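Letters A, B, C and D mark the chains as written, and numbering starts fresh at 1 in each.
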Amino acid sequence: MFFASDNGSGAAPEIMAAVLRANDGYARSYGADPIMDRVRQQIRQTFEAPDAAVYLVATGTAANALAISLCAQPWTAVFCHEDAHAALDECGAPEFYSGAKLALVPGDHGKMTPGTLTQALGRIGESGVHGVQRGLLTITNVTEAGTTYTPAEISTLTALAKAKGLPCHLDGARFANALVATGATAAEMTWKAGIDIVSFGGTKNGCLGVEAVVIFDPAKAWEFELRRKRGGHLFSKHRFLSAQMEAYLTDDLWLRLATHANVMGARIATGLSSRPGVRLLHPVDANILFTEWRSGTHDRAEAKGAIYYRLPAPEGREAARLVTSWSTSDQDVDNLLSALRA
Amino acid sequence: MFFASDNGSGAAPEIMAAVLRANDGYARSYGADPIMDRVRQQIRQTFEAPDAAVYLVATGTAANALAISLCAQPWTAVFCHEDAHAALDECGAPEFYSGAKLALVPGDHGKMTPGTLTQALGRIGESGVHGVQRGLLTITNVTEAGTTYTPAEISTLTALAKAKGLPCHLDGARFANALVATGATAAEMTWKAGIDIVSFGGTKNGCLGVEAVVIFDPAKAWEFELRRKRGGHLFSKHRFLSAQMEAYLTDDLWLRLATHANVMGARIATGLSSRPGVRLLHPVDANILFTEWRSGTHDRAEAKGAIYYRLPAPEGREAARLVTSWSTSDQDVDNLLSALRA
Amino acid sequence: MFFASDNGSGAAPEIMAAVLRANDGYARSYGADPIMDRVRQQIRQTFEAPDAAVYLVATGTAANALAISLCAQPWTAVFCHEDAHAALDECGAPEFYSGAKLALVPGDHGKMTPGTLTQALGRIGESGVHGVQRGLLTITNVTEAGTTYTPAEISTLTALAKAKGLPCHLDGARFANALVATGATAAEMTWKAGIDIVSFGGTKNGCLGVEAVVIFDPAKAWEFELRRKRGGHLFSKHRFLSAQMEAYLTDDLWLRLATHANVMGARIATGLSSRPGVRLLHPVDANILFTEWRSGTHDRAEAKGAIYYRLPAPEGREAARLVTSWSTSDQDVDNLLSALRA
Amino acid sequence: MFFASDNGSGAAPEIMAAVLRANDGYARSYGADPIMDRVRQQIRQTFEAPDAAVYLVATGTAANALAISLCAQPWTAVFCHEDAHAALDECGAPEFYSGAKLALVPGDHGKMTPGTLTQALGRIGESGVHGVQRGLLTITNVTEAGTTYTPAEISTLTALAKAKGLPCHLDGARFANALVATGATAAEMTWKAGIDIVSFGGTKNGCLGVEAVVIFDPAKAWEFELRRKRGGHLFSKHRFLSAQMEAYLTDDLWLRLATHANVMGARIATGLSSRPGVRLLHPVDANILFTEWRSGTHDRAEAKGAIYYRLPAPEGREAARLVTSWSTSDQDVDNLLSALRA
């Protein structure tokens, strides 16, 4: 009954098997392994982007910080939701890598709206040399609140940014879950919707630790390589990153794993939503739930073995974040729903 | 016949088995996994340093850059050999993380000498606020030239640095090979010789990708954690780093693997040193050889399948770097020696 | 009728005379001039802080950015009002120098309140290694809205910060105006109220370009010197900075100039406040006024030679920022009031 | 008898008079003063560069660090002489502003040679993503050793750099002295010789504190403005910088002042060179002399009031740096020569 985070899960068997296979013999290091050649092609096909530059790193923070630094100059603002991972959970890595500052955009349920983004874009970059300039829009999908943007919503936001000349980044730490939730293709969710660069996550969805950065305009590919190396994120035994990503993309494994995680999330949502005194705080679009219930539930559920994050709540109430993953079983969900029963 | 680098090898079977075992079930993320608790104790015992702070990252460049940044202020110079990995092979990562500048110290066979270090220490930090201050000494063992420092040699260098108030870092990307070569213990090679912080390598010696940073004075442990996170080097599924390191240190696997690599290096050295026209450019202390031979050898050897780095050489001569690893077989060495025969 | 900014004024005659005097003969450079010895003593006496470290730079942005960088680590948040100069008008200089991020605190009339600061302090620094840590509180007095904090108000804010272990900085670009407005002494407004480091402005109040940084605990004095040099802010012909500051502090010139500016501000406020259709947007504590009036006023006033900043306003209304200085004359004020008449 | 540095002199009367004149009335701030419009035109004419972007800062370190940061990416090396001001006397400011590292090029008498530069250019930038890339060439004229490069020598060096794709910067802290010494025009010494950006010094040659940065290709002008502001180097009362530079360039004042300084330098050189036991360590091209003489001279000369820098020297010998300036009088030189007599 582990619902604390999808990064508490291990690696899917297919991924682990691929890592084992990749261990045979010698391989050229630093990304020159033959598996990486195949991965590059897989990702280009997945994104319908034959010219995209593709690089692998091992952590989501590295992917985001490097992607942001590639697009945002040190004297600019990076527009992101005020609850974005880049803003709250990366200990300033985007600022460290880019030198830029983050401009926090509010919005319910973890989502910027055209209105809040327009306001933020209007507040910054209008005072000449005295204030920072506008630099980049970064959107997280699935959001920190467990909600998703549709491609249409993303297009609307990127159009506002592009009207000001800004490139657009997608933090897709849970990109597979977002695609499954919305039914969009990878291309529809990204470059067709105005996204220029993507952090394409694997770690949370069944890998050991691998994220791709997909850059649709390859003009800055070499700069990215230098930034990755300079950040200490170029793996010598790179084949072990490549192997994960190859297996992840083979036979739609990534979508199957995410589908499973989302289905488990929906089962919990369904199971809880009709219960008296229980409230879902955000729409449950993918594999993350925010719930509120009566005081006393935490102790009962944890006594029965449920593991999740407690959140602050109003007097007499309790709140929680529950996350499912590729490895969440039906039995886990049943046990959780039972443990949460009054 | 792969002798291009020890990072062209895969992972040792014991390491890979540990990664597989670590994949069972759920685990707390970001370094709170129980394996890490055991690794911390293993490393403290290995280094006879019960209070040491121990952290894992996945690349050697990350280990070095983070360790250096912990010790050297932005307005200081980091003294290192002019051929050090930190100077030549990390694309400026130490400068990026620390803000400091590198002061390059010459010396034959990849080694600083008391004389060259004294000169460098005298040239910098003597002009008040106008020049940078002295910040840190970093020593690489095994050196880039394949030679080693004895603990006594390290003590002499660190004493010079400490007389100027400098902390001392050891880049031990091939730490195991250095211990095997010199017969020193981990403690003798580090804190007993004046080293304050160590990059303790695993990747090149049979791991997939893991390096420990060992900080003997734990006062700055929390700062290190923040720097690691901010650099994007904190793994969410950290157990996969921990598992590698645990297996690496269990039953002296790390020393056995390095012993093998060094023995293979010595066999090549022995095999080549008596041949007419062949010259070893540096003493062969560990698993890296620099050789010079007659023109024409490269083509012959490569035609027979030998893989290694060609280096510039004088007219009529050719030069090469050959690296052995935990996975180099006797047969590989025999084949290489045969392929290099005129 | 120049009311665009106090930095549109020149230098007061006493200041300019001192610069002229300082030009005689040779002087040791880089802050070793004898005038600086006297300035150090003057400032220590002014602040009743015999041990304070005192340094001069030429711009307010340099003073703030250097002061902030001395106190806030790169992985921390600097709490400031959302309209602070450091946040909006320094093009990211505080972030560039410190590496830290700014945490924006709201509050009416340009002032943080105990409530808004408490909220901000509670939002940041509570997520372990994942989020940035709390780093520094910086308060601006006179505020960007032309209001002032009393020493008691500052004490309340710094007490909240110090309860979390934070040092406190005062951006005193208009420090003299704040003292005059509140009747406080320099000591009461700073270290007696919990301030650790001050940007003590001269430029806006009658100097050519000089700001002092006053550090009450001199332990980090040498680090400040290195940071100043490294930022390119150490003047070779430093005597020209020293001379300005010496004259500024002699015979209370700085307080007399600020008193005059504040009196001129008050005269405008009095003149406007009773007029129908005119509204002062913030309390006028010092030499900056924010006003709103009926549409059409701008064109009329500017046609008569009034120079000031136009601000956005609701339909049918116009808004303006008016700033007085040491050189604003009674006649200027009379002319302005007349020009603004319907 | 002050020969310690040209920055120990005050400002020339014409400069100071201009500062006084500029103090009249109100002026737009932050570089929008009308004097700056005239300065821009003066500098464009002086350099025969009608499109050049021109900016003023107050210190030479700021000019150099900003110019270098405009041209060199963080992952590159800036090639400079090993004794360059940027390398030894700016406390890491170029690295702080640019993120780049300095690659030190040797050469007698403070000058890179085609040979030493070629070697340095060949050592760096050839190891793919592992090492830093080549970023910028920066040449100092007058050099730290008091020698000068002719335009032809500069052309040779910049051609080597440009063959590798590098932009070229000239640190002209003593640009006027270099022109006078070589008879070159400003254009011949800069863009006609392959220089892309110049630090054009005023401070050491009779100003209070002003340096221009001249950018021949204005494409990056706006980026420079942002970098200047972000570094805290944009003056609010900018007219006081403009006024210095306007007077400096009017009626060839800058060349007259430098001519005087160089003539004084030559007089000392002539006076000393024939004396037994006295040796000039470098050719005396401008206003800086390095001399060696018999032990005992220092004490004698200083007792008679001579002020200069003592330098290390061989046993039985003493060495000194002597610097003349616009304000050095014939009498000063006579007194010095007399004081140095055995």
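As a convention for this text, contacts are C-beta pairs under 8 Å (C-beta built on N, C-alpha and C of every residue); 3 or more make two chains touch, one makes a residue touch a chain.
Here the structure is a predicted model, which means the values were calculated and not measured.
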Third chains touching both chain B and chain A: C, D
Chain pair with more C-beta contacts, C-D versus B-D: C-D
Of all other chains, the one whose Cα centre sits farthest from chain C: B
Rounded Å distance, chain B centre to chain D centre (Cα mean): 42
Rounded Å distance, chain A centre to chain D centre (Cα mean): 51
Distance between chain centroids, defined by C-alpha means - chain C, chain D (Å): 34
Touching two or more other chains - residue numbers and ranges from chain A: 74-75, 90-92, 96, 129-130, 226, 229-230, 234
Chain B partner contacts - residues on chain D that touch it in the complex: 74-75, 88-92, 95-96, 99-102, 104, 127, 129-132
Contact set on chain B toward chain C in their complex: 30, 73-75, 129-130, 133, 223, 225-230, 234
Chain B to chain A touching residues, read off their complex: 2, 4-5, 7-11, 16, 19-20, 22-29, 57-66, 90-93, 96-97, 203-204, 208-209, 226, 229-237, 239-240, 307, 327
